[in-house]
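You will see two complexes here that share chain A, one where it goes with chain B and one where it goes with chain C.
Our next item is the complex of A and B:
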């Protein structure tokens, strides 16, 4: 159970976006496109449909995951689904943004996204109970069995997301 | 009603005072909160982008934990809520993925069956308790003019979340109205706050926030009200960076809904919570009062 996409899976993703007729409502609804027009979901889809391959170029990480594109698509194309696939492929190629392996590392070591040891102290200030944490062993097991620890090692070997 | 409470990493470790307001409000509506050893939800925009399988398995583990205690999950963060609901949808509609996930969970002695529901605080307050029942408990109407920001993942994916109309939400405005607050209609109401791309494209993320806050400012609100800790931080801390970067002059106080609810219900213990806000607003512990009203809204401690 790892993330490597099979050619069949890639084909089915491409098949799912084929109904796109380039109306552009995705781009006009995209907050990122509004401020950074070089990032254009309509073009991204066109490129994949035309070439038949998914080749992440880095711009996929600029997606804010606000889901407005998919909400408004008149053809029901799930751009969110496509983007998850593109980002997963990009991650496997070692191109995830720097902070991302750090987050995986934080979850692996604490179960949560919080690296500062004083954080429970901040909770005490408001008379809040320290949150119960999962055991490190079970979190590691889930991450190992789903391929995240291997992926993390890929980044740690490049000096990112390490201790 | 008893729930497995899921504040989420952002609220628990960065906005504990907001979490406190939820815990203060809960007993007034017969909500009992149970803490369980949850992991990160996990955050969809980072963990799911890294590995779809890891995201699904960790989310299933958290849901399985609630199942074990025979509890539904109560979320306070829209990001966590979307993550759980999307994972639940994926698991409940794809038996092959559910089987694969349960193989992993079997290794840690757990199983996901899908019996626990997931509800956001917004849903419990509007759909279960209802604005009328909240109105009956209000002791001090706040008489503010605000803009509400539901947040992307309160509204979308609409078909899976089914909380409110994704293009023209009305429920959140209804919830603030019963506190004596006037919700203002504004342009770009359902637009993103920019948080989602802050890690990857910082410049664009703050430009998005500038656009959003420009639209908010057009109706001259006293404050922005949110139902998501990430949006809270985006607006409250982000506006200073927007001001520095783009030369704007935003100074908009931000509240999470239950903070205003607690003040309106005159629930004791709100002074340190309101004090924790970085952008001081009209609802303060030692405040002169609501602008234009001259009426103190100081929370009794």
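Our next item is the complex of A and C:
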């Protein structure tokens, strides 16, 4: 159960974004575009629809997954989900950011990305009960079911760390 | 409930004694509202009412079921269109031996004048009482041949066509032998149906010489005025206290930017003074009963508390009224009183009291206006009135509402005072508006130095309305020009997505705006934020032509509001689109007609449109309506369902299925069909558990016999394809016209609507070993020409599949498809795919040679299983659901 995209899957991703009529509301709403003008989500969609290929160029990793574009898109195109797919393809090709395996390993072994956080102290300050920590086992299962574990293996097999 | 007087029954179906149901027709009840209205009954043509009289010497009406059937078959070569593929001589020879056929004559062009003459001569010389023309599609020439046989004295309904061009010669060009075989079988099917065809009386009903127009905006006014000018009495119903609609509150109207009320005002007065127009303001439809030509309407009029005849609009009452109410005309930007007039030019020119806010029309609670009014025009005793009248036609001009800006919260309307809608802008720039034409921003009453216009608010967005609202681009450019006209130094930017300046003279307006320095930026505004100190606004928008984010600061923002549909609020069953606009009968060829005869639509109720288009459409609707009024009588569909009372179990399922409210139940529990309302779609018959509904000329027996003949030879190779007359049959015709080749094994059976395709037809076909069965109708959800027939057909699919599963019939041998008249290619694809299924099925049969004889007894059981009572069926329903799903899954994987 790897996450390697078959041509049909890629076609169905492109299919889902074809309704886009390039109004630019996603770019108008994108917090990343505001600070990084080289990352234009509208443009990204246009490229994919026009060329018919998904060619990750690294900018997909800047998406903050805030879902503002998806919420405002007048055509119901899910740009954020497209970018997740692009991130996956990027990973398959061994182009994930360097820190990614580290993060996933942390999640796999401990269930969280960062062990120490001020969150609990802050919650305490506001009289909120501490959050329940996810167990590593549960998280591992989620990652296995979503194919993230396989994807990570695939990524590492490409020997990214080697260069 | 209205009292129905002694049922005015007229003997209605003298000739149709096929089933000995007495056809006393009590015309009542319409639109499923349960209100009965006495009404005049269906009349008949002269010859029908006196069948025995030989007044029109040579004309004979042949319709006695008991009489010897004498069928004439006329195969046509259609030049080389049919003749080059189908061996017409062989077909003619074959036809001679078919039961009931007494005469066969082939022809080069049967539809041409000599060909028609030959049919007429043959009818007389050979005493033919049924005619089968084997030529092109009935959608092409059925009317032609019906007319021809009628001229020879035969009832037009006794003529039927076999489609051997679109369904044979054009789609099987390289297989002449198989094509000839198919042609023969199609003719045999037609002949078998012809034998039991029944003559139908050509009926018409009287038309009341009056019309009702609902909604007195610019469209309703125009429609009412046109009809009134033609001399018809028009009842004009308006919900608001004044007529004029949305146009009355606009300042200027594009493209010439003339003053709106200045051009509308005189028209409003014309309406008020017209002797043929009965105007009811503050009135709403309560109920509509009846049918084309004979509608009975109840209108509820809210009390105005002011006598419109006495009121001189002197304003004295307003001066003393202590209650302030937000002013609707001014878009709540100013106040009016509890007694008020919407605007100075209002028609009727009289005040009205807003009873919800008035303190009380007596001297104890307030009563100041009563005291002050010298004309004694105020009537505290005024009450709600119910007005009833009869009309022949209805025009719906209920308009649209401006979209609600609160549904787009990201743009800040309601939170930020300086974000206003274009309609609010219209009032601000209007000399009669709250600021007397001064454009100021609401937060500080200062003239804005910079204005931004945001396009497509409430339009082209799946979260509000996905459609374009048509008028807003021109509206925005007009607003920009108005700003420039009054305040030339204002910096004004329009943020548009696609500027649609499509109308006459619109391009000139656009050019003018550019020339005057209005800036246009292509990009949809993401969000608007307010600077807390200045209350200026910041728009974030991507300039899509330059791929860059713009953070535009503006002192005032106009939201260009689209339209919101209001259709569907009336007690009239006209289908509406998802966004609440009325659906026309045909988008191109009948754009102001509706699926209900005698009801027309125009203006904003049909779709968002500007004033010019509304007026054009209103005149069109008035013209279409007058066609019915002018003739005085209206022909109604001769075919209509009949309920066989001895079989009817009175379950009432037919009532739910009838989209026209044509089936009603009388006091004794008996269901009857009002033939004037019935359009003969057959959806009721398709689902009748007792088979108690009789569809003349599309009877169960006729369809069964067509299936029998279609499957006479090599049934396992055949596809029995049921196609609805309006979409799918035409789609199959288009495949023919486009010469799209497909295998020859399909036998197409036509019915009025897919709603007629009963479960038992597919069962019957499979019992006869059909290779595959297709049910094809108009596309879901809204394409059905009988409104909902396709939905009811779709509901039968799981039942049929369940039955197939029980009888070991492979799931893929049955298909339900939606094919429009434009989808010839799709039809070809379906036929080709199904032929492959049939091919596979044949191979399976061949591989287990012993199977066919074994199968027979299993099939014999089928009818028994079918006859389980509805109750039992319901009980098995839930149990069978799971395996059904599994079966579907299997085929998918």
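FYI, the second predicted complex is superposed on the first by the 112 of 163 C-alpha atoms of A that agree within 3 Å, B and C clash if a C-alpha of one lies under 4 Å from a C-alpha of the other, contacts with A are read in each partner's own complex, and residues count from 1 in each chain.
Heads up, the rule we're going with is that contacts are C-beta pairs under 8 Å (C-beta built on N, C-alpha and C of every residue); 3 or more make two chains touch, one makes a residue touch a chain.
The structure displayed is predicted, hence computed values, not measured ones.
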{"item": "Touching partner for A:8 - first (chain B), second (chain C), both, neither", "value": "neither"}
{"item": "Touched partner set for A:104, first chain B, second chain C, both or neither", "value": "first"}
{"item": "Which superposed partner A:34 touches (first chain B, second chain C, both, neither)", "value": "both"}
{"item": "Touched partner set for A:75, first chain B, second chain C, both or neither", "value": "second"}
{"item": "First, second, both or neither for A:42, with chain B first and chain C second", "value": "second"}
{"item": "Winner by number of chain A residues touched, once chain B and chain C are compared", "value": "B"}
{"item": "Which superposed partner A:25 touches (first chain B, second chain C, both, neither)", "value": "second"}
{"item": "Partner chain in contact with A:113 - chain B first, chain C second, else both or neither", "value": "first"}
{"item": "On chain A, positions contacted by chain B and by chain C", "value": "34"}
{"item": "Chain A - residues contacting chain B, complex", "value": "1-3, 31-32, 34-36, 39, 61-68, 70-71, 80, 84-85, 87-88, 91, 96-97, 99-101, 103-104, 107, 111-114, 116, 119, 122-123, 125-129, 131-135, 138-139, 141-143, 145-148, 151"}
{"item": "Contact set on chain A toward chain C in their complex", "value": "21-25, 27-29, 33-34, 37, 40, 42-43, 72, 74-76"}
{"item": "In the complex with chain A, residue positions of chain C that touch it", "value": "410, 456, 460-463, 466, 497-498, 522-527, 540-544, 547-549"}
{"item": "Complex contact set, residues of chain B against chain A", "value": "7, 9-10, 12-13, 16-17, 19-20, 23, 35-40, 42-54, 56-58, 61, 100, 103-105, 107-108, 152-153, 156-158, 166-167, 190-192, 194-197, 199-201, 203-205, 207-208, 210-212, 272-273"}
